[in-house]
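Following this line, the structures themselves.
Okay, so chain A shows up in both of these, paired with chain B first and chain C after.
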Partner chain A sequence: MSLYWAIQWRRNEGLGALFLVLAGFLILYAILFPGILSIGGAGRFVQNWFPMALVAVAQAVIMLTGGIDLSIGAMVGLGSVVAATSMGGAFGIAGGTAATLGMGAAVGAAVGVIVSIGRYPAIIVTLATSFIIGGAALLILPRPGGAIPPELSEFLAGDHPTAVLMLILLILGWKLYQATPLGMGLVAGGDNPIGAYRSGVATRTARIFAYALSGLLTACAGLYVAAQTGSGDPVIGQPFTLAAIAAAVLGGVSFLGGQGTLRGALAGSLLMSVLINVMFFMNLPPVAQYVVQGLIIVITVALPQLKRMLRRIA
Partner chain B sequence: MRFRLAMTDTTRAALPYGLIVLLWVVAGAVLPGFAKPGHIRYMIELAAVIGLVGIGQTLVVIGGGIDLSVAATITVAAIVMPLVSFAPDTTGIGAIVLTLAVAGGIGAINGIGIGYLGLPPLIMTLATATTLQGLLVIIAGGSAVTVNNPLLVWLGSARIIGIPVDILVWAAIAALCLAWLHGTRTGATVFALGTNPLASRLSGVAERRVTLMLYAVSGLTAGCAGLLLLAMNGQGYVGIGDPYLLSSIAAVVLGGTSILGGRGTYAGTIAGAILLVTMTALITVVNASAGWRSIILGCLILGMLPLSGRDQNR
Partner chain C sequence: MADDRVLLSAAGISKSFFGNPVLRDVSIALAAGRIHALLGENGAGKSTLINILSGALPPNGGTITIAGQTLPALRPATARGFGIAVVQQELSLMPHLSIAENIALGAAPKRFGLIDYGAVKERVTAIARETGITEPLDLPVNKLALGRRQMVEIAKALFRNPKVLILDEPTSSLSAHDVAILVGLIRKLKGQGLAILYISHRLNEILDFCDHVTVLKDGALTADRPLAGMDAQGLVRLMVGRDPNDLFPPFRSSARDELVLALQNFRTAAVSGIDLKLRRGEILGLGGLVGQGQEDFLLGLYGAAEAAADRFEAGDAKAPFRDVMAANRAGLAYVPADRKKEGLLLPHSIDLNLLLPSLARSSARMFRKRDAERALTESLAAQLSIRGDRKRPVQALSGGNQQKVALAKWLPLSPSILLLNDPTRGVDVATKREIYLALQAMAAEGKAVLLLSSDTPELVHLCDRVAVFHKGRIAALLDHAAASEEAIVGAALGVNHGVAA
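And now, the complex of A and B:
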């Protein structure tokens, strides 16, 4: 048990700066908008953050396998569209939710099979599937429409701490998944594919499951966004592709696979969410967040190299 | 061995040419007017834009990278051109040179980030694209700009011995690129860099400088494509370049260049561009829905992946 905590503690290394910056921003936010300190205010804050947290974790899962997912934004759109068109069917809310989540997992698994069995680079496969997924969303709903039953919107995005509960479930679920052979194989296969394979890890299966899980989480984010707005929108997900990468990178998840933590990805997405909120309240145009995201990514990823260059000069 | 390698590369590049001829013959027999010289000339004009973006994309991909900022750079060129026009410049050459300098500068920024700061190409170019997207909306707003540059107007409409000038411009730049890539020392280092960056650095390739140059060229050719698009369209607006990100990568992959770097030729990309336009024309004849077009393009790239190489170590 003491070994467990020692390892957990060591995995926080390198995240210290992020946690400090995040704490600073949260305190600043609480000073600027004291409303967040009430239970209702905190609940709404988590609701704003929740879709971003989901896509950040989805991207982190793929990056842990050593890949990258460029189809997250398209999948959020497809998830929102499927949710908004299937809830009115014979099976109601439960059927619509199952359809959305099942679609996400199935599409994710299909992408996983192409990447894992076909051994094609994830970047080009997910770029191609992003267009297929985006096209499918446009076929289902050419323009924003459909409907989410008000009671579901109220349950997910109303005055209940549902998002907080789901976040806790997500963290617990990830801990459990990491205790299974497939969950361990995901990280091991990303860290050292050949070594893991030779030690008997089912790296291919683990990777396919990782893509399915990622698709499920992303479709879930689409469902949540649809519940927030009350309808489906095929292109609502576009900003999420880069935001997910930015959050994961901020959270210390490596592009090379095998390095990174869920807590890092969550902290990264929380920081992004706080930044976007602050910019919104400062009355900056919404597109300014694109500029900030781009700069954040470049600076975060370039930081180690910049440090090395500075050390060489000094 | 070397001969066989060269043969397979030639075959890969020749395949799309064969496909084009086949498609034109079959479509010409089924659809009256499809294979008429006028329609073919029109399709090649459309292919010129993809072909020009494809120059930079091919070079970057052969060098082991990818450029996801080409679409944004095209839009920048189309939006910035009227802004940098100045009165004493009656021919319009000055504005064109300035626009190309801006586009090349964007590429150079990518090159510095990737070559000198060690950022992964995917991240750097994606971040550049996002930043530009935000800046463009802030600078240009939602309004469209009209062309009144005399040289561009001439470029978009004039013909020399029956051949549109834009096709001639493409042919000239393409010839230049092919001669440079396959006939010079620096061209050979691009292949070396894409095959094994470490080995090429150890054998004296100026890795950083070549990388910087590749991305600068990519920005430059995307700028050329943006100007050509503006000349053909008569109008520029935010989002005008968006379709060309996937098209340029698709043309590269269709042309038999390995997405993993180190192998390929621009001659294949030329055919890839024409093939892509032909397919799009056929899809439009059958069904004009944007969703289907997106799905078929995505499937096309997935379908061509077996030609484009696998991840060896996984």
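And now, the complex of A and C:
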């Protein structure tokens, strides 16, 4: 496996600055709010960050294929609604969880089929499906309601390290995924679709799988948010669409596809999470985060150009 | 061709794109242990033939025989299954994946559903040694220089243990060192019984180590024979020579003494050391293989690519133009090769397309004058014989008529220098002749024409002089009398033809 890890290690290149900035912010945060250094405080902090981490990874997967997902926020809403309305059924918590995750994977796969077989631009397809998904969530629960069983809320978002464990599982699962032909096909198909196809990579399957995985992760984020609040809310996901893009872009995931890492997306989402917390404690109005996230996307996209201009002047 | 050593053969292959025949009744047989050269000018149909042999394109007619099966067409997966591997020109690599992953991509050994990186490493290491790849195998391919990427392409093809290996201009970006490695490798593979198809413009390479040659000209076969006893001049003769068929109007020179353009050591990113003088009424051809800097030279002149020069004189201008507007004001007009993307607004009417360059000038009066516009477009259409309703969208026209519109729209600005980038590519014969007549008429009016063309006979029959580009420099500047097809193609291929090179 040493070749695999050597290849994976190479992908840290270009992320150094991000990791440094992130470390700086975390230290600053710890100085401002020393509470985070306790086990309970750290746990709550991770729980706070966890849904953001999930949607950032979900967005990164789609961006690796060369697409972009504008339906992430809607899917978080639908995930929370499905979770909050299905847990009371005959199959209980297990049935509700399966229903939520299955819905996410199925809807994601359907979008993936449209994008890869119909060859339509992901930005258009996911813009349309964001309204379909958002509308479906509102049809199921026109206003916040439903319920998450308290024991599930306690397990996921109570005083347990569940979120930390799930993050570790996510990282391990990702390493496994990247070592499969599907995982290599994800990167290869986004990097050079024609070349990958001609090399015999199952680009279509890899792409559909990526969309299904992304849908699953997003629905999972919806379930987690519902567990945090104890009920379902069809519009709770809205801020996540922009935040997921900003976090992924911040994490070095390229809009052009084929370039990006899980560690980057996680670091980007963590930085975003810290930023939002800091802005909250600075008493800035909540909508200010949209301005910041939008700016982050524009600046990150313009960065290579700016660097080139600076080099020419120097 | 009852040779039982033939691994892959194609018989009577024909293919056309949008009604333009690209291959006509071409047959080829690749035999085990033989290095087979495929030769032809740009646009002779070499790439199309490779694509058909590797399953990337289906032919319109003919059959392909492989492993005893005769099929109407191959699919990429079937071709791979039969052991056909193609070394593309840097097309198939994933820039962000490592060397090892690129080499193994799509054919990586697996264990428990996972890619067996241990086995990948073992096999890639062996192939890397053979192909002279010394870089760490975990290095992303985008960190490699172009020539090194080409070696990765070759390693990638070998990873699949091919029986038939097709190499499409593998040496065009290689250093001499890597060429030597590649030639040694090809000879070794020949010894192992592979059938090798080798496409190259380097005649000395072909004469050096190929056994058999197939020559294509305008999509038809002109030779299929052993190479023994052939020389470079003989090969060039097989690639050129066409019955002009009254296609070209008789040559007449309208060149006058007055200079419109003088360049000394003109250079852009892709060309350097260009010394050239252009006279009023002169048609100066730009020839050479595709991608030798001719296009960049035109764009540099036109202010669309960065350029510099020791001396630059075009009318009042004493330095290369900084942008297209400046070039237009100084009397330059450029007609791009890709008329659909760069030259025309396809969904809009012929009238509007013809008016576009003039609109900027008449806008001083704020409002458009429909009558004047109609008179203008009518006269332009007459000059270039653009027939029919001019309210039709340009996309309704044939390629040739679109080209006439792309050319005609500049005339109202009465440019003194016309820069034409392959104006007859994909144009039917009748329209070609009309374009040639129009060019001669413009030259007679005193306009200077720089005619970049991938069609060598055009350069021979229309141009006062021909500058042949090779590796970003003018390899030969031929007078009309000296500019034979053989001289032009010879200079483009770097064959010394007894002409000033």
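As a convention for this text, the second predicted complex is superposed on the first by the 306 of 314 C-alpha atoms of A that agree within 3 Å, B and C clash if a C-alpha of one lies under 4 Å from a C-alpha of the other, contacts with A are read in each partner's own complex, and residues count from 1 in each chain.
By definition in this document, a contact is a pair of C-beta atoms (placed from the backbone, for glycine too) under 8 Å apart; a residue touches a chain by one contact, two chains touch by 3 or more.
None of the values given here were measured: they were computed from a predicted structure.
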In the superposition, chain B vs chain C on chain A residues touched: B
Partner chain(s) touched by A:289 [first = chain B, second = chain C, both, neither]: first
Partner chain(s) touched by A:297 [first = chain B, second = chain C, both, neither]: first
Chain B versus chain C as contact partner of A:194, first or second or both or neither: both
Partner chain(s) touched by A:4 [first = chain B, second = chain C, both, neither]: second
Which superposed partner A:258 touches (first chain B, second chain C, both, neither): second
Touching partner for A:278 - first (chain B), second (chain C), both, neither: neither
First, second, both or neither for A:180, with chain B first and chain C second: second
On chain A, positions contacted by chain B and by chain C: 194
Complex interface listing, chain C residues touching chain A: 56, 76-77, 80, 88, 91-98, 100-101, 105-108, 110, 113-115, 117-118, 120-121, 136-140, 156
In the complex, chain A residues that touch chain C: 1-4, 6-7, 9-10, 176, 179-181, 184, 187-188, 191-192, 194-201, 258-259
Contacting residues of chain A [partner chain B, same complex]: 66, 68, 114, 116, 118-121, 123-125, 127-132, 134-139, 142, 193-194, 203, 242, 245, 249, 255, 285, 287-291, 293-295, 297-298, 301-302, 305-306
Contact set on chain B toward chain A in their complex: 66, 113, 117-120, 122-124, 126-131, 133-135, 137-138, 246, 249, 253, 259-260, 289-299, 301-302, 305, 308, 310-314
